[in-house]
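Going by the order they are written in, the chains are A, B, C and D; count residues from 1 in each one.
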Amino acid sequence: MAWILIALPLAAAATAFLVSSPPVRARLLPATGILHLLLLLVILRGWRTVPSGAWLGLDALGGWVLLVISVLFCICAFYAPSYLALRPERDHRIFSVSLLGFLGLASLLAEARHPGVAWVAMETTTLVTAPLVYFNRNRRSLEATWKYLVLGSVGIALALLGTLFIAYAAHMGGVEEPLQYNRLMQEAGRLSRPWLRAGFVLTLVGYGTKMGLAPLHTWKPDAYGETPGIVGALLAGGVTSCAFLALIRIYAVMAAAGEDRFAREILVGFGLLSMAWALVFMVGQVDFKRLLAYSSVEHMGILVLGIGIGGAATRFALFHLAANALVKSVLFLSAGNIHRSYASKQLPHVTGAIRRTPVSAGLFLLGFLAITGLPPFAPFISEFNIAATALTTGHVLAGAAFLLLLAGIFLGMSDTVLQVVFGTPSPQRVRTPYKDTAATTAPLIVALGLALVLGLWLPGPLRAMLDSATATVDGTAAPTVHLAEVRP
Amino acid sequence: MSLYLLAVLLAAVSGLPGLFLRRRGGGVAAGLMGLAAVLGIAAALRVLAGGAAGRLGLPAAPLGSPGLLVLDPIAAWFLLPVLLLSACGAMFGLGYWGERPGARLLRLVYGALAAFLALLVAAAHPLVFLLGWEGMAIAAFLLVMAEDRKAETRRAGWIYLVATHTGTLCLFAAFGVLSAQGAGAFAALPRGFAASGSGTAVFVLCLLAFGFKAGVMPLHVWLPPAHAAAPSHVSALMSGVLIKMGILGLVRLLSWIPDPPLWWGALLLGLGALSGVLGVAFALGQHDLKRLLAYHSIENIGIILLGLGLGTMGKSLGHPILQALGFAGALLHVLNHSLFKGLLFLSAGSVAHATGTRDLDRLGGLGHRMPWTSAAFLAGAWAICGLPPLNGFVSEWFLYLGSFRALALSRWPWSVGVLAALALIGALALACFAKAFGAVFLGMARTRAAEDIHESPRSMLVPMGVLVLACALIGLAPALVAPALDRVVAALGSPAVAGLPALSGLASLPLLSALALGLLGLALLLGLWLRPRRRDAALPTWDCGYAVPSARMQYTASSFADGPVTGLRWALLPRIHEARVRGLFPGATRYESHVPDPVLDRAADPALRLSARGLSLLRFVQGGHLPVYLLYVLLTLLTLLVWMVV
Amino acid sequence: MPGFLVFPSHVALHLLVALLLPPLIPGLIAKVKARMAGRTGPPVLQLYYDLARLARKEAVFSRTTTWVFLAGPVGAVAAGLVASLLVPFGHTPAPVAFEGDVILFAYLFGLARFLTILSALDTGSSFEGMGAAREAAFSALAEPALFLGFAALAKATASLSLTPMLLAQGAAGVRLTGPLILVLAGWAIVYLAENSRIPVDDPNTHLELTMIHEVMVLDHSGRPFALVLYGASLKLVVLGALLVDLVLPATSRPWLDWLLFLGCLGLLSGAVGLVESATARFRMTKVPQFLVAGVLASGFAFLLLLV
Amino acid sequence: MSPDFLIALIMLTNFTLVATSRINKAIQVAVVQGVLLGLMPIAMGLGRHPHILFMVAAAIAVKGWFIPFLLRRALRHVQIHREVDPYIGYTASLLLCAAGTGLSLVLAHSLPLKVGTTPTFLVPAALATLFTGFLVLVSRRKALTQVVGYLVLENGIYLFGLLLVEDMPVLVETGILLDLFVGVFVMGIVINHIRTAFESTDTRHLSELKD
């Protein structure tokens, strides 16, 4: 049954390629998105029963990530028709095909039970998203695409080598094909430690490049800055989630092999470095889309930091994946709307957005506050608990650095965001015909609403799934009971 | 409890009907807020009168802590000013803000702020507390930004947002460390915790977090600009109750600690003295009425901290009387300051509303045309200077009593510092409010703006009147609040001491009331005797015989404060712009003095600018060259591989 | 706790002295000064005549003023009278005494000052504004001197009420001599400053630019001015009582106590007259130094008590 | 030919590559390396598996013919033949390449091979080739040279894959073939776009986006 989640979007992509009417093609996106989400919800009920020898199948971890991606895709897909209608000059055949293709490949990645399959899915994801980055077809977007592709390809090549190393580690330990994750984890004790470590390092660098961990993230601001907001949202919440999934699957093998200390030290380092690097570029950032890109780097840092700290933080890192994806979609899409309205994404030109596009600007502001940890939005729950776990489980320095960096980032980000949102629109700036409509804002409101709900209440089945996913990642059987187990 | 919840709900939705009504939305909002205040205050009074504390917990209670919201005496005590001031502010807003564009949104957020404040005081779980805390902060931020077209407002809003968020992150850390103490972190902590490393961390972090909110020097950076920029009824609410939430936080923390180390109290005292003295000193140098009031909030937070410090010292030393007097003084001052500072901000708003300026040197003589506003401001000034027979005197009196008592406690006379600080604060505050009231309401109008004015509408005067009455009530009959105060103080006491002595036994409150009434009666009699009679003449001011006195010849606020400001220039570092006078017949010249904020303008701002420049120097690392980016990948890989091998 | 009507006859006497005696003191001072200068001088009761005359005369009010203008004189007298209830006159307990009345006492003077300053500012006169500014600035220094003296006495007597604090001194005897002298010195400075006497202020000068207190009441006339004058003399008595109480030896007979007290008050007035005859007014810039000396004296008194 | 001999030759091509300044020659070196790599499985005695032979054929076809063809076409169009002013000079590049090879030996030393595996130098050679590819990517300015660098980097991975291809054919073959496809896609199509948009393939033009 699981294959249908992959086949449906791919079939839709093929259809999109064949359909010639732009409006019909545009409507294919939400239709596929919602269908995919519904199917996913049905299939997810069986996450407990993935056959151990299968090549494809949704376990809790994959299900959780795919659910995030599917919801995110739905939000973007519902936003897409109105956005594409605003840009009639662009043919969106390739665009639609790429979007749908991405969904199919993300499903493949989430369902992959084998590191090789996961790698293939990741690789192809890079390929199908490249045209999205090039959507604007100008020199700047070409440059962004070039950087995205070269860095992405180098990264993915390293990930392949890493995957091969892990396979060799298994080979050394006498574990032979097929190397499903669960087999790797069960037989983790037999894997060759040096090869496993080297493999982890290579996959970390490889998938880390795709995720955008500093200093491997350098393609990110360029790519996010030059694409439409909708692509930014999908890249920041979707592609990064895919890479993160591929990475933590390998981490899970490390953890099962008892090598997690080594891995976690590196992850904490990457997490803090990413946040610090993001901080440097967020202070005084005049381009609000690049600002969001650095914010994405920051939050990728938080994700790996959470995994690195371990314990309860692992669970909240996974939770943060969802929180970040939802809020980032709000931010990127509202930034896109503001960009549309001003025909600029740079600071001296874009001020007083609250007066031109009140809804989008309000959502942008709220999204900013949410992503920086305003309760009761979901990112607050994860950020607070990651900090609390760090401080109470002996990672005092990491916890303190985490909070200091959050403070600095807030300082930098708030400066730009407030300037964009408040004040008076500069009179010289030509006013484009763009106005906030229900179609361009409703998906954002839904996303923000979901982030709010998630901060207050996680439905029982989802919580069970999250717990199981956490157990998968760090190899422990039961999740630790924690302060924020119950949310008000 | 249900009354309280209803009040929170009403406050939260008070702005909603206005979104759909074409007119009268403000009236509805004010009405709902008033209703919320009545209900909530009734609930609070019931608890303060000895009723059982209300609780709201999740039915399943897997939380391990007794409730999410608990309306205990501490909560009830803080709830009083929250709701009273919210209601007064909402009503004041009717006339002050009216139906300008954005008024609906303003009311909506104002209601939300009131609701979050009311939620926060009763929060009994870290996450609920943080929810209320941040909700309050963001709502207040949006209100500060009400006039975001002004660059000054945007800057103020940004500074506020950054300061409050920094504080919140400290709170994250503090609650994080506390969470190791078990799920019920909002409950009494074990003995010995305070002296441990975690205890120290929690205290320092809480001090930072709550200090930012309360505006303790040197964490007060956001306070003067934000209070000046916000609409006045919002300033009143912020200065009156929002900054007190920092105090609430400290009070909660102290209430969980059975054995605070001695240095906690000492640090609180030190910070209190610093805030108090410097707060009032900087207030003296201000020209902007609302900034001046804002610095006085810093001063009063200092006084409150002095009280908390005294109480904490008493707790550490096992001295119940000191504990009772210190905490009672602090808590009563919390309420008092809300009342008179709310009153002062509202009357300052009334002035700004009528004249369109807050610059002291452009006002003057408003007392003639705005008699009620001027009387209200005078009452506020009277109270904030701690002069009898108003409420400010009572709380300061408790603190004096406490620190005099502490003199006998040990050979080392630390409390003489408290006495000196209180006395100095009192004298400077008096000078400052004489300056403020004199410059705004007395003498002659210095500009046209101050001349063509009229008294504010009744909707603005009534809230001021209510606050004046409240100030007078506490000042004249402190015995009425003493039992309630005893209950709140008891919640702060250490469980080891069987019970703290009642205030009525420590201070002769009825005698004080009698003297206060005597003073009033005497003044009334004398005043009646003096009031102008038909025989009396009305002439221009004599001015030593100068024939054409003009308004410009009046002593300005800056000149008035020049003495103390010059005396304190080593601390205030005023910037003086003065043209040199040349020749026998010099032309027109001007003199200006500014007192920049020591932390914001002299430290934080330059430091931020410097670090921003420093960070921008680091930006070369991402210069757009793909090979360099690839080099990073390579270097990362090599580093990790080497790390792995080594 | 001693309260109202505990010693009815003493209370009545106390009230009588507080109400009627004050105008005599300025007369005494003036007389001493006149004699020192070789003049006959005005009658000792001159101020009583002045007050009676002013009370009858019509008043002139500036058009600039509001009701605040009247609050100054009213506040000064009302606060002074209430304060007088808290001070023991001689070795008779004050009519009202309770823990912490020292603070009320100090703050009542603060209240009087606050209202006087406002009253001056209400005229809009530049001279009066100037005087008000000086008053506000100098009082900020006088206040700590007063408070530190109280702190020293509180430390010594473990009490916070004026009556026990002041009256314990005579009985405590030799041990307190050192600190006592210092407190006395500090308070003497406060006394001169608060009552606008030379060398801080010259009540008789005619150059407004050099005045502090007098310039603040330039516009008061008639009944208000009567209250101003009365209030000033009341302050001389009440603050004088503080000084006198510190050194007054106790006797066993109440009437002797009273007599001694009144005599000492007279002596104090004479001393003020002598100081005024012998010294010149300080330059305005020297005044703060003088007041700081007072603060230091009181502060040292406190420190000595710790040793 | 023994596999060790081939490995030595491959290492030699690495050094040649970093020392060359002419783009055309760099492409030629890459072709030679691609063909040498193609011969490796046969030298290792893996020739009996038809699917491996298919992979070898595909690799040689793409690396030895298709990509060089694309590159040469682009080269003709932009009329650039030399790598002028590289970020890292040729001598320094050689030294770095040597250092990378040394490092590879050290790293490989800490990665034990299964007993009896031949050729023993496969792992250091793979890592050295990887580092060489990286070095070229990092040190050269022209997009075309960078593509060559990427090809060499991939060659390193291919080389390592040979260690596993017999035991885990599915994993290795899909991986390597897909990687090749990406190489074609990325390098072919995008270079074409860059050429038309910028009239040059100098990556200095591609550094407009920065902070």
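Please note the rule applied: a contact is a pair of C-beta atoms (placed from the backbone, for glycine too) under 8 Å apart; a residue touches a chain by one contact, two chains touch by 3 or more.
Note that the coordinates shown come from a computational prediction; the quantities given were computed from them, not determined experimentally.
Visitor: Among the remaining chains, which ones contact both subunit B and subunit D?
Guide: For subunit B paired with subunit D, the chains in contact with each are A, in label order.
Visitor: Tally the contacting C-beta pairs at the B-C interface and at the A-D interface, and name the larger one.
Guide: So, comparing the two chain pairs, more contacts are at B-C.
Visitor: Rounded to a whole Å, what is the gap between the Cα centroids of subunit B and subunit C?
Guide: Distance between chain centres, rounded to whole Å: 36 Å.
Visitor: Distance from the CA centroid of subunit A to that of subunit D, rounded to the nearest Å?
Guide: Comparing mean C-alpha positions, subunit D is 31 Å from subunit A.
Visitor: With chain centres defined as C-alpha means, what is the inter-centre distance between subunit A and subunit B in Å?
Guide: Here subunit A and subunit B have centroids separated by 43 Å.
Visitor: Which whole number of Å gives the spacing of the CA centres of subunit A and subunit C?
Guide: One centre to the other, that is 77 Å.
Visitor: Show the residues in subunit B shared as contacts by 2 or more other chains, in ascending order.
Guide: Residues 619, 622, 624, 626, 630, 633, 641, 644 of subunit B each touch two or more of the other chains.
Visitor: Multi-chain contacts in subunit A: which residues touch at least two other chains?
Guide: 146-147, 150, 154, 198, 221-222, 281, in rising order.
Visitor: Scan subunit C for residues touching two or more other chains and write them down.
Guide: Not one residue in subunit C touches at least two other chains.
Visitor: Who touches whom among the chains?
Guide: Per the contact definition above, the touching pairs are A-B, A-D, B-C, B-D.
Visitor: Residue numbers of subunit A touching subunit B in their complex, please.
Guide: Contacts found on subunit A: 146-147, 150-151, 154-155, 158, 197-198, 201-202, 204-205, 208-209, 215-216, 218-219, 221-222, 262, 266, 279-281, 283-284, 352, 354, 369, 372-376, 380, 383-384, 387-392, 399-400, 403, 406-407, 410-411, 414-415, 418-419, 422-424, 482-488.
Visitor: Going by the contact rule at the top, pick out the subunit B residues touching subunit C in the complex.
Guide: Interface residues on subunit B, with respect to subunit C: 364-365, 367-368, 371, 374, 378, 382, 385-388, 393, 396-397, 400-401, 404-405, 407-408, 411, 413, 416, 419-420, 423-424, 426-428, 430-431, 433-435, 437-439, 441-444, 506-508, 511-512, 515, 518-519, 522-523, 526-527, 529-533, 535-544, 549, 551, 553-555, 559-564, 567.
Visitor: For subunit D, which residues are in contact with subunit B within the complex?
Guide: For subunit D paired with subunit B, touching residues are 87, 103, 106-107, 110, 131, 134-135, 137-141, 146, 203-204, 206-211.
Visitor: Spell out the residues on subunit C that touch subunit B in their complex, using ranges where they run on.
Guide: Against subunit B, subunit C makes touches at 1, 3, 58-66, 68, 70-71, 73-75, 77-79, 81-82, 85, 96, 98-100, 103-104, 106-108, 110-111, 113-114, 117-118, 121-130, 132-134, 136-137, 139-141, 143-144, 146-148, 151, 154-155, 158, 160, 208, 218-219, 222-224, 227, 288, 302, 306.
Visitor: Within their complex, state which residues of subunit B touch subunit A.
Guide: 58, 62-63, 68, 125-128, 130-131, 133-135, 138, 145, 148-149, 151, 154, 157-158, 161-162, 165-166, 168-170, 172-173, 175-177, 179-180, 183, 185, 608, 611-612, 615-616, 618-619, 621-622, 624, 626, 629-630, 632-633, 635-637, 640-641, 643-644
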